[in-house]
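These notes concern the structure reproduced below.
Letters A, B, C, D, E and F mark the chains in the order given here, with residues in each chain numbered from 1 onward.
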């Protein structure tokens, strides 16, 4: 059970893929999850050209890398979000945004997501990682008083928009891995349970496990994994540090990432509050077989220093599980 | 420095004010903050009738009570909120909702807030407690990527809408006490600082201090008080308990109050995580002279049992400050 | 939902029942769980005399008390324990001990337990509280190496001995409440689950919930209650304090109760590590309707002082649950 | 074992003793430790008049009070302190200060301490509570580098000055109770051990146990008591609260008592970090038979409110020890 | 003071000693504690052949290794255990088990233990590590009520059986190192004190210090070492992790090692709750001169990966003590 | 922003500078802060010889080292300390001590400090690190009762003695870096603020930040840095471990460094309670540009082992800050 250690490329979109690939090979990475920024990956280009997928794979092979997943987070965000603004426009293709009217954007985003599954087939990867958006995220704090029915409607909206997508994925043999994350339909254990129920536990619907989004919620990543052992389709190695001193709020005070007054922030893996050893042991225990995907983000550390530091961290905890039942092998314990 | 212990009536709107007043007298309360539900208080009725305010005051006097503040929270919510829905409609007067189009509702809500100050004058109370709403609350989590400019615009919007209100309050000698609270323009120390800056520290703008909204953010109520000692215009005795066991999220999982899976919930004062002794000592130290206003809310306790329990709690911590400098009075310490 | 506050009489067996009853009335108790020591209760006398049960009940009524349960712990211990010694002999009737050979004692103890259910019918009480003993307790620490099969055999032994007992109880409409406790077949959440499975979730088999036996195991009493909400047939208000300073062991060092070097000890309710408020709220939430039974034991406190202190504690946390859904009743929350 | 609850009068020296005695009787106190401020007690006056002691006792008896100890802290401070300044002058009789040259002051202070033992005999009290001062306190932090010999010399100085005092006390049947306290020769467990060794465990030398001086040192009061069970001659009920938030220093920043920036401060008993229940249980266990002496000091609370609050606290924890071995009395535990 | 880092071979009994020795040399180990499983070491073969010991030593020398101790744990277990079953039979030589009747097994086990000392002499090693068993372990929880006399009898039984063994060891110049461990006569600080008293502090009786057995008891390994500085004859580097989440019991729920529901489990050194730095500093301070013996056991990690990881851990903390008194060497500190 | 990692030489004064320099080069150090012990540095020799400074620099250059600061701690101690004894005499030049009368020593020490600034100019280093002493340190604990005026006088004394020194430093372009430390005029955040006020925030007066002196006070080093971001002129990498177990006092019990009964002690960096990652991130954030100066002191570790271990630690946390605003560079975050 030696799992490849790879990088998700979204935060490196300013570098041409080939430049990044060279670096990754030099550092010792074994593959990538391709993000859609820069020249890294373009779903529609992939579908419209016979050569696109082959050339991407060839480029990666040249540097000893393999693609394990396609990321389509930004477009996914626009499928259930129903209040859209310039922030959404900035992160999705113009063809999806169109005139920016919500219902049309949502519909085109859903189509694009299915296209991403087709692209995954062409790339030979088994999973698309993504967001879903949510029509009820902004009603998180139950004031003004919010009825249970309002919340139920939000999950039904998700089910209505995503069941056809999951059906399409299932037909193509590709899995959809939601990055459980605030702003999405599921962001913790209880909401993930609810989301699974909403789509009748659709077999194509699973999780891109990223503990950095759980830590600032005080959700234990180990309990999360144990709650959904069959649904961990992909995982991100990313970390968060809580910074609570009585002045700072866990809600982060409308301050941007990197501001020391925030109650929490993303940090390079191993520099935050994730207990990586227990996460890795639990992944061993539940039989997760996918890649260990470093998603690197830390406003206080040089990016290239960090990418190498993170790789070393993951290797430190990548010990194999015991190959045998313990007491079966030994005559005694002392 | 014996401060009156009173009740804010919002959670008792199902009882006629006179029924409630009888109970309060029997339990030992000294006054009320009048909420706008049921027959408790109606801003517009107050302004349109010469007798309204006098009759309310007489009724209270009959039961040994006095009114110390007017609550106008719900209408305040609609001044800066720009995405309005049925939840808002349910909590404000039909005259303010009108056709429900945002800009009109916001304008009428602002007018109503100024009317509340006029009503306060008629009632002889020095403070209106309220919410402000916020055009940026729903952008709390900075995804999709949110620029600082977007946030600045939100504070400017608040300043633009509220400066005239604060001017009107100042002209009437009434103070506006924002209940610092998620969903509002300020909900913690950093955002309250930002809000004060946005309105140039307008003298009519202060705080209805309610520690129950800080506890689940991990903000220390004592540090909050010490940050704004001059701006504490009113305070609520209300409590919150965090319930974090690794399964539950501090964001509360879109579950309603009272659900044991929430990561936090409101509880009767003294049954949660507020350190009341330190809060009370700090109020003594900064010279807060207003009432101690119990706001009672606990989904797991009988309301009348709780109202009496809360009063006993407040009395337990209502010790007078030392009347003299300590070492000045004593020959020595051993 | 006002539950009676009663006392279990085992620790007071040195006092004649009438003397104890007088005291209980004076202190404000509402009833008893009768233990089998002294003249308090004798299962076999009860079955052999028409008057016995009536006279006991009359005596209790004379002091305003009612019997809510029969305790048959000591005899129960001898049903599954298969290594018996003088310690067992000292606590059970001579008729059950007989010649002291294990299998015979175990069989006679099982018969006596069924008799206790008959006695409960005569007394008009719905529940017998008891222990079960265990043939595997002494193999708790898995050294020498212990196979899973050895453990499974222990649970099968329990099922074999107790299923007929539970059947008899069910036939009589009486419930068997195991005090989950080290030395018994179930002493925590995982072993209670296992015990329930072993007897196919027999409807007559439930729990006498006593958090004092969980605290020194670091099991959360609230999580215990939430794991078996339908099986809480009775409960004991008893407390434990952990005393871990690096020198003391949680296993208690073969030191007797009351020795300050123990890593934990029993203490009067409210003087230990049980979070009574959360226990009581959870009992409210799961709808427990039985008595709140104080079991008093504290080696460092006068017994009569303690019995009154404990009653005051229970009253402090015996607040009624909310009579109504919270948001349904109120127009708004502020 | 019902121990009297009394007050030490030092902090009330601004009130004539009779005024204080009236209040104490009204509040329910049973006696006093007389301090030397105001008209409370004067060692030299006591020795020079046949009537002085009798009149003091009569006055106390008039209000149902008894004197249990004489406090002579301030004079004691000047016995080992060898750098004296205006601060010392302010707290001792002019006759002891004289010309203020250190060696003379120290000698006269020692004589006065022996006089205090004579006065105790006249008053019929068995213990004088006091300080010792220390010639090495100011070398506490070992910079500039301090040799062990320098420290040893400090303890020898203490032994040289105090052995004659302890001999005199022993001859009179009076005990000397050092309030273990920073600035004295002993202020924690290790220094008390050292001080006892320095005077060969003189039988007249013991402890006035006051946990408020241990809490800010992070010394556990229970471990302190267990270290010197035979030497607890008297005790003070006084409390301390640590106030460490990352900004404040446990060394208190040269800020006076009452300043909220201090890392710790004295507070009314039960409002600080002393675990009174464990202190009281330990006093029971080691067989302490003396009074429970409230020393009241809290810069943030009204003094008279506090004196009554403290009395209620002590009563709450003054439960008698168990009168019998637990298992001896009961047939069984369930 | 460079102590050799070695491995105890019990958990590797499935590998022929030579295969293991090759691996140990490659990894950098310096020696072994020989366990009695597989072909590693056989006490009786050693005594019956002139060549056995020499050949074992030669084999080790071939791989740069040395033997520092003989382990005879399993046979030791049967000396005081008086309830024996198949679990015991499985771990001891058939010649010791014989007909399996307790008293005979106990006697033969005692003889075998003395033989182990003879074998140690032949091997040139100064210490035999072992267990003792205990006739009272199964009475750990004091229910049914257990008298102090029952416990005292258990220690007397130990003294009676082991004093002749210790005498024999002393005569041979070999030391007996009990691995302080649940199921043995001593398993924590208080019981080790008791065991030492029971044999009048026999000079041949000491400790094989293994902190993994203390951690789940909440006993501080540093306090353990400081309590018996002269008696640490050997030590094991082994680790334990507590896994207490409110559902799990520190008593481990009759679940086997490796089950994630256990309240604690063994883990590779450095992956658990032992504070190795403080353990190593304390070993330096008390002058422990023996080997640092890794005992490797972790149900969630590959054994060979772990053996190397553990060696690296021990090296990291194997810093030499300061060679000189600190202040003696330096002119000053800044 | 790659800061040099250097060593302060005070603790190595027993080694000739050249011997030390050889070692430092071999280990990988980049420079030194020269202390005044042994042949390392002599202020007066430097001023009296044209060659002294050049030769020192040449010697360092020979081993690839550079001098970044001059340490003049011991002489500085005698500027404000007004009770001087043999301990002071032992650490300063005889020419400064003279006849040892306080006022004269203080005056000569002040002159010597100005000379140190001249020497710094000759050496080409921008900062002198030092102590100040304090006339009020020994009045730290406010007993006997200490007036605020007494404390104020202490700060005025400091201002009077040091303002001319700071003026001289400013004239020479050298900065004075006080090592904030118990026994000095400033030892925490509040006293540093006070000291800065006392000298009107003199631009030559700043801080030699050493977190080891804050940890045992429970002052957060990060909060310290954030309080004085402009005044961090130099920093020491030194660590402290708290050792509080209920027996030990944070005041350290008049026990010397290295005694395990102390409540805290200095340890090699990374072996104590300093959170180096947060310290380093904060230094990045506030733009500290000076050297990272290891001051090595640990009574339980070999000095040379430690110096290398410390260097490795610092390198581990010496990651560069992010070169760019995070969100500016990336198209999106997932």
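Side notes on the structure shown:
Here is the rule we go by: a residue touches a chain if its C-beta (ideal position, glycine included) is under 8 Å from a C-beta of that chain, and two chains touch if they have at least 3 such contacts.
Owing to the predicted nature of the structure, the values given are computational and were not obtained by experimental measurement.
Ranking A-F and A-B by contacting C-beta pairs places A-B first. Repeating the E-F interface, with the same residue numbers in over half of the contact pairs, is the pair B-C out of C-E, B-C or A-B.
Centre-to-centre, using mean CA coordinates, subunit B is 64 Å away from subunit E. Averaged C-alpha coordinates put the centre of subunit D at 49 Å from the centre of subunit E. Spacing of subunit D relative to subunit F, judged by their CA centroids, is 39 angstrom. Contact of a single residue of subunit D with at least two other chains is seen at positions 74, 91, 143-145, 220, 223, 245-246, 256-257, 327, 332-333.
Residue ranges on subunit B touching subunit A, taken from their complex, read 74, 77, 83, 87-88, 90-91, 136-146, 148, 150-151, 154, 181-183, 187-191, 194, 216-220, 222-223, 227, 244, 246-257, 261, 263.
Residues 8, 10-14, 35, 37-38, 71, 73-74, 91, 129, 131, 179, 245, 256-258, 260, 271, 295, 297-303, 305-306, 309 of subunit B touch subunit C in their complex. Those residues of subunit C that touch subunit B in the shared complex are 223, 226, 277, 281, 284-285, 319-323, 325-327, 329-334.
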